[in-house]
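Below, chain A partners chain B and then partners chain C, in two separate complexes.
For the complex of A and B:
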């Protein structure tokens, strides 16, 4: 069995190379790449400055042209000066050293960007995933136990409806209904936390105490040269404790970081309601039906008949014998958790404007920021490959009958 | 079917060769050696692909004419919900294929000066019909214009001041325009015809329109602000007394107390039943054409995915061995791609048209069916009837196409509706993100994207959502019924 997993790990290598090579090649051969965009930007800048300086039209034409050596250096900057297989080898070598290159639009290492955005997506997605399992497993079990009853039929209608509404489209609808645009103003209109809070905001009561920067004693002030005189600091700032008590006041406006701990938690949760609902809706139908069918199948097995025959109560048979076996397909699904979350994040983060992994991927595609695009692809495919192995492993772990060879 | 094929093989092959040659030539126009390359491709298609397709189609025919299929189909028909959903979807899809005849800004037929013009698919300059300009005539305006002219002419004839042309019209008969049922096109911007700014609300939403008229100041306002007595006595609305003038006029407009300026042409109550989008294009027309695009897209993707999936799955299951091992690894590798993001990358970079998008989706989605068909083939291969066929000397091709394949197509039928749901979802997602069909193509996802940008305009969100919800619901009803009829799971109930 170990040899099976070792083989699976070895198989990851060609898979990974195949996926990245394909996408790398496509980014290479299609016009409109970073070099062309840089040239375009340069020409636009030149045209603008030409207009401003009032130069003659003849010299404008020449200004717009790009010399050979400039083109060469541009290509070198974006790594387009080598043939694609060589460039791919270099890129792959760097990836193996955890260097995904530098983003063209953010001018920051791609790895840093991903590390920054990834937790945001995971918080949203994981909450949705957990919640959907918490709803779907009991519901599926109950549906299987009450198969054919009114409850089963009623909840099947719900399952059908949930199946026919992709989660993110429900997000658009709910945003319209509840986001304070046309109808009710219950939930925020997007983002991962409040950017601006004033007295009319729902969370204004949770604003921390603050102090004017000019009230900080001189000696302490020198340690924080970045603070301007007109700024205010909040209670979490290290300099705050040196401010005399009578100069402190309760903040009137601020943003997410000016809230107290409870306020921050509430703020985050408030922003999570709709996105998490969308994640749940996206997984609701399939998880419920999977749970129900799996339990139904087990309830028809001989061992359940035996258990009934020896006089066990229905409760014990269902919850002790059948349920444990029927949880196997659900549990193995845990391996794909991260890939499912990421697949949902591209759409849900776009709808709710959550600045996470999915939106980063979307923005990088719009901006033709290939290092970021490829970086996201690398992370996405690695997670999927690991997910496959993890679910196989979970399968072995839970069900001792399974022997891969 | 296979007998007919054998009888006319040469003729069919020759005809197909020429058609395929022409088709490939059209596809490859940009190459200098297009003629030769396309001939080679067409010949290859005729020799290698065509017989397989015919044999495959024949096994599908055998599959659906088999008694067991007929019995299952009978079962499917008894499942009312799924069966009626099936009939409804088929009807709607067939009707939507003829959408050009029902929902189109082009008229079906025009009679002008005694001559009949079929205008549905033909460009006829506006000048031909006595209008100004060389472009496409606006047939709705033309209809009104003809009516006015006809009545004027009738009056002139009555008054005895008829001119030469009027006398000729006595022979020609009156001009008329035969418009389609819903005379707006999905690509036609109606900015010039509708008074306010897009997106326009549905025309039956009077309140929204009145608000828009106020915003554009299209109401004739009274010379002086209504006095307090006037508000309380004449309007009987004492709560309006303290309002700002702008607010007061809005309230008055909402209550229908103001009149529009004379030059404003108000649309009819059911002119645009779902309003217009942010470029002033009719939403209902875009919905219907979007339905056609989505469903044909999903059906095509499903069809091609299954074609490839069945072929490869069959070969893997039948031949097994090293080929099976290598190919299975390949399928495994291919399905480890993050589907949505890979498709997004390809679509974003290539900016595909309809067929290219189909191709991209097929490339990354064909693997699903191979597993099922492979398993079916592995199971069927060890059955006695296959050994019998081998014993009487059947070739591999005959065993595959005439014996095993017709017996292993059940998963194809029972998974197809769910694949269609997934494909519609994928297209809507891609269109929403802006990586789907190119810009002016009517699509639900693009409209949802507009809705996200205009969250105060509910018709932009509700229309595509409802359309998509109903379509997916119907298709999943079909899927559920088919699954119950074709792949029944008998759960034993113990208590």
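For the complex of A and C:
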């Protein structure tokens, strides 16, 4: 069995190379890459400075102005000057040394960016995942036990609704209903805590970047002891993130970093309600149905009848004998969930403007920030590969019949 | 005569399905004496398994339901509590006073618990033994049913046991609480022929060594009946057709169905080109004949068989037949 897992670990290497080679190659050949974008930015800048409102014919003329040397140096900057296989080898060598390169848009090491964003996504993903299992398993069990009852039918309707709405779509809908945009104003419209969300708050619209702190009304300034009079307002200022107190819960009146520990926790939790709900929604239907079907199937097994024939109560038969067996598919899904947490997070983090791993990946794809995209691919595929092994391991652990050899 | 251990009176178990009501067991009466081996024999769908599951109240409900009758075990009517939805009564008896062995040894054990856990479970549950004592007793039981190096194998899982070994485990499990009745529902059907004989012998052997439990043996195999049983109940279409001791059944069967069953057995030393069969098929439980349920296949059918259901008659002491041809014995 140990040899099986050693083999699995060794197999990760060619799989990893396969994944990254394929994706790396695609980034080299797909049009609209960083070099082309840089050229485009350059042309736009030239057009703006040159004729002011230069039309399409003008930009055609500008294209000729990019010299060969400029192209070469641009390619060298973005690492496009070498053939793709050589570039890949260099990239892979650096990855092996934990060097994922430097982001084109943030001008920071990709590794640092990922380290910074990863915990945010993990908190959201894990709480969504934990919560969904905490809801799905008991619900699935109860549905199986009460199969055919009104409760079963009613909850099945819920499951169908949840199944037909992707988590992030529900997020958009809920933000519209509850996020203070159109109807109710009871949850924040995004972000991971108040420090972020209020940059786009209503007060922020009245404040302009570059204005003096002394311009802020006295009533609001009182709440920010850390603000100095001679400072100018920029997006990172607490005051910029302020929202009138009477409009929100008390929790929301301050800047996140000005709150007490409990306040910060509550503030974070309050920001997590909707995104986590969307995570749960995404996993809810399939997990519940899986749990129910798995238990139903096991309740019909001969060994359940044997357990009843021993004189055990229904509770013991269901929760000891049948449940243990029906948890096998659920538990083995745990490993795969690792990567699903991240995959699902792309769109949910975008909708809720959570500055996490998923949003980083999404933005890097849009901006063609290939070092970040590939860095996220590295982490993502490693997680997926590890997740698969974790699944196998859990399988061994729970089901004595499975012994890999 | 001693008091019967188990009395089944007018037992009716129906299954309500979309196609209609299937009267799987429709008025069954029999008794099991302490320590005896009673065989119930019949074709598939004759209601023999449903009868045994009804005694244990293991009929899946819905669709199945015990609609009428009494099952009196050691003086208590088990169905009285069942009707009041009081399942504690049967729970205390199941696995303790009455235990059961099933047809499928391959699937009847829980794959994720060790053999030891599963055998010890009912001991802890019914006898209140602590886990250590229960384990020791489980080892004794496994040794008794002939599992080699039981003390080590107790920590193994069912998939590490062969079918015959698993059925031995089932027997150990069933007999561990010294039951007074053991219901064996086709215990050998799924096993190899060589193992079948071993398992039957073992059941009788272990029964003799332990509390001398009565055995209710359900089978479709007349040979098994001949080898093991004291008395035989022949069932057809949810009704008992004939009850007699095993010698009488084999030597002077009175019901045409029993006669047909026996005629279909191959006889050693006789060369025949084809074994004889009972013509026709078992009628659908949804659409049973008005009269005798065997009339569609009977080779001695009378006119009234189609319309008048025959009553059970005692043709000689202890020999009951449900047939219009049977002559009641002269009352003394």
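Going forward, the second predicted complex is superposed on the first by the 324 of 405 C-alpha atoms of A that agree within 3 Å, B and C clash if a C-alpha of one lies under 4 Å from a C-alpha of the other, contacts with A are read in each partner's own complex, and residues count from 1 in each chain.
Rule of thumb we're sticking to: contacts are C-beta pairs under 8 Å (C-beta built on N, C-alpha and C of every residue); 3 or more make two chains touch, one makes a residue touch a chain.
No experiment lies behind these values; they were computed from the predicted model shown.
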First (chain B), second (chain C), both or neither touched by A:398: second
Broader residue contact with chain A after superposition on the shared chain, chain B or chain C: B
First, second, both or neither for A:305, with chain B first and chain C second: both
Which of chain B and chain C A:163 touches, first, second, both or neither: first
First (chain B), second (chain C), both or neither touched by A:76: neither
First, second, both or neither for A:325, with chain B first and chain C second: second
Overlap of the chain B and chain C footprints on chain A, listed as residue numbers: 305, 308, 314
Chain A partner contacts - residues on chain C that touch it in the complex: 56, 58, 87, 90-96, 99-100, 102, 104, 107-114, 121-122, 125-126, 157, 159, 170, 173
Complex contact set, residues of chain A against chain C: 301-303, 305-314, 321, 324-325, 328, 398-401
Chain B to chain A touching residues, read off their complex: 329, 332-334, 336-342, 344-346, 348-350, 421, 425, 428-429, 432-435, 448, 451-452, 455-458, 461-462, 464-465, 468-470, 472-473, 476-477, 480, 489-495
Chain B-touching residues of chain A, taken from the complex the two chains share: 11, 14-15, 18-19, 23, 26-27, 30, 32, 147-148, 160-161, 163-166, 168-169, 172-173, 175-176, 179, 181-182, 189, 293, 296-297, 299-300, 304-305, 308, 314, 339, 342-343, 346-347, 350-351, 361-362, 365-366, 368, 373, 376-377, 380-381, 384-385, 388
